[in-house]
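Next come two complexes built around chain A: one with chain B, the other with chain C.
Right, the complex of A and B next:
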């Protein structure tokens, strides 16, 4: 399963409480859609660190890296690369 | 500060006269001076009058923290109306309920709010809708709506307001309520001015202060941060999200912030994710904490991380405008765990169930008297009568006062859930969950959480033969309720524990795991 698929599934199940992929576009902004608040972001970070074996540094916690499924997938790829 | 002020408008007018060129607000790198802010407030007030806003007419704001929110808020007051600040994180049904209950005739809204189309379709009493400018693309062709800039351009900037009657309602803030029992806290001009001036005094705010603000203005805490800084002639830098905590601290450093205000979960998040030592926060002279009790351990960690800033632990309630008490920083060590003494002009007593004051050290209900106490709940005399008794606001908080007048809170007499900055009525959650087919009974409670204080657990007794998935319950709530009200835990139980009189024993459900 690709990172994007896994991340989308995680966000859908834990923040939209659904498995319907039509509810979350790969480029949808979590901030703009009000999907993930500050404590939700901590849960996302924990998921990324546990599922993909990466460590997210404070300075990497920026919307460019984390504000959509595709951005997270690209970020994981860069970290694992 | 303007002497003899009878409204927040007088306080803003005074700051604009004294500091016309100083920055009032900054957001996304753009600033607005006091002269510009005051000019736009006058124009917006005149636009509201020209649009037919009646005296004490209600204007609802569905706008995140922004210069437009501030302009609209003060303009409504100046036009003699009542401003209704709606919680922008709420869903359509919750918002429609508030708009209908207060009878708002005007709505100022962000065009990007997802609930807006449904809201406009369901709120037939709205005569005018004003759309604020947004960075994101606005919804095209919203019928009957006027764009912010066009709206402002329809009016001149004459300052036509006379003195506002301080006893008239100025603001309605909807707190946790249900369909049948809405709680629109109604504050007068006097309430707002008195609380603003009292807070200003103990925080010693001046025009040199600059706060990075993350608190929503539609809550009483954020509301008080806004008014106090504008009354002092200080600056507010608007950061609307804590999702990326170190960006907020970076802004504090870049903007040379002198102040920062948060609820316990704000500070818990920052301490968990940010190394303060990596940032230049040498200008930070004060921190304020309210919105629920902060664990003494967290208070100590915060002081250790930011030793140069004076930390004001505070206590308040929307029904008391915002602020009731504060702990002077110089007493923080010997009075740690208390929420301090009454703010200037506010009396605090602890009452027994008969309504009599108890002796120092004895627990009872915390009651408050002063110019900060609300007029009542909008159009809900029964709910008002329960909390305003014999000239006192009965807070529902249980506490005790020591011999020096320092208040300690030990619990709540109500079942209200406190999660992060939010106060949630369990009845509202239960009302939504009971809409689901397959739910026979349910009860919502708050359970302890290290960051948020409490998170919501809903315990459900399924109907016979029904099969329910926890996620289906959460998805249903998410469609109807603001995100912070969606239960974090869904637990299925055979029965709800009840007292002999049939009341649910909620404390037992907190232990169900």
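Right, the complex of A and C next:
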């Protein structure tokens, strides 16, 4: 399963209480949609660190890296690469 | 948007005599027509907001109908209690000190906080102090908290709190505000009084309060006043110098903690001006010039104001209903 699929599934299940992928576009901004606040982002970070074996540094906690499914997937790829 | 330069003097100008009378009559009206209570309970922390709120309560209903509570716990600064007493005596109100530490101990508040501290900083124990510090929002990053601990030798240790640790330390710490509110309502019920909430505009707008803790009250007399105005009102009302000159602290963690590092990111005077500028449609360039920061940094301050509003909006709201029962407001 690709990182993007896993991340979307996690956010759908835990933030939208759904498995309906039409509810979350891969490029949807979590901030613009009001889906993930700063506490929610801590939860997403924990998921990323536990599921993908990466460590997210403080300076990496920016919307450019984390504010959509695709941005997160690209961030994981860069971290793992 | 105005063409005048952005300044605290212009933003926070207020006719204090008229405003005090307006608030006092509003509180009297609320007590007699909506709350049907005979007086006011105010928890006094020794800080500027509760001091001005208590003074306004006295203006509204007279000293004999105001009951002051000083509610220290294990890590409360002794100066908080001494300033609280000073204020109560200055106002001539009935007051009492009740130590909430045994209740907090029984609820597991201190043990839970120490568990997190030990998990984050192995070696944490007797003689250590802690606080949590907000980071990120003003640099365009997501807001997150660091646990800062000081060992007995004075060395500082810092680490980012992960999700579960952050939730636990906040949940355990919130016992403090909620136990205090329980005591306030005990006395309000016993006396048939109403409870005064003491948030200023910055705290009220930005959600800097605990739901069912310090956020809970029957009347909030200064929720519309910027903190700069609250300080100015304290001086106008001639409250004791020790109170007028007090630095805002949370008095919630064992290591000294300013409200700016805990929540707002900027000292209150700058945060006040930023909120005023945001509310009055001032551009980021004007705010940056007034605060001596870049336009980009000022834009991050605006974004942070919006993010905190969004994240905390539910704190002040009524429960969300799934229907429209008769009698609902």
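Things worth noting here:
Convention: the second predicted complex is superposed on the first by the 81 of 81 C-alpha atoms of A that agree within 3 Å, B and C clash if a C-alpha of one lies under 4 Å from a C-alpha of the other, contacts with A are read in each partner's own complex, and residues count from 1 in each chain.
Definition applied: a contact is a pair of C-beta atoms (placed from the backbone, for glycine too) under 8 Å apart; a residue touches a chain by one contact, two chains touch by 3 or more.
What you see is a predicted model, and the numbers here were worked out from it, not measured in a lab.
With chain A as the common reference, chain B cannot sit beside chain C without a clash.
By the touch criterion defined above, A:32 reaches chain B but does not reach chain C.
Contacts of A:46 after superposition on the shared chain: chain C is touched, whereas chain B is not. By the touch criterion stated above, A:5 is placed in contact with neither chain B nor chain C. By the touch criterion defined above, A:58 lies against chain B and chain C together after alignment on the C-alpha atoms of chain A. Shared-chain residue A:17: touches chain B; no touch with chain C.
Note on chain A: of its two partners chain C and chain B, the one contacting more of its residues is B. For chain B, the stretch among 98-106, 152-160, 332-340 or 458-466 that collides with chain C in the superposed model is 332-340.
Across the two superposed structures, the residue set of chain A contacted by chain B and also by chain C is 31, 34, 37-39, 41-42, 58-59, 61-63, 66.
Residues of chain C touching chain A in their complex: 135-137, 140-144, 160-164, 166-167, 307, 310-311. Against chain B, the residues of chain A that register as touching in their complex are 13, 16-18, 30-42, 58-59, 61-63, 66.
If you check the complex, the residues on chain A that touch chain C are 31, 34, 37-39, 41-43, 45-46, 58-59, 61-63, 66. Residues of chain B that touch chain A in their complex: 89, 112, 114, 136, 241-247, 265, 269, 272-275, 420, 451-452, 471-472, 474-475, 478, 483-484, 486.
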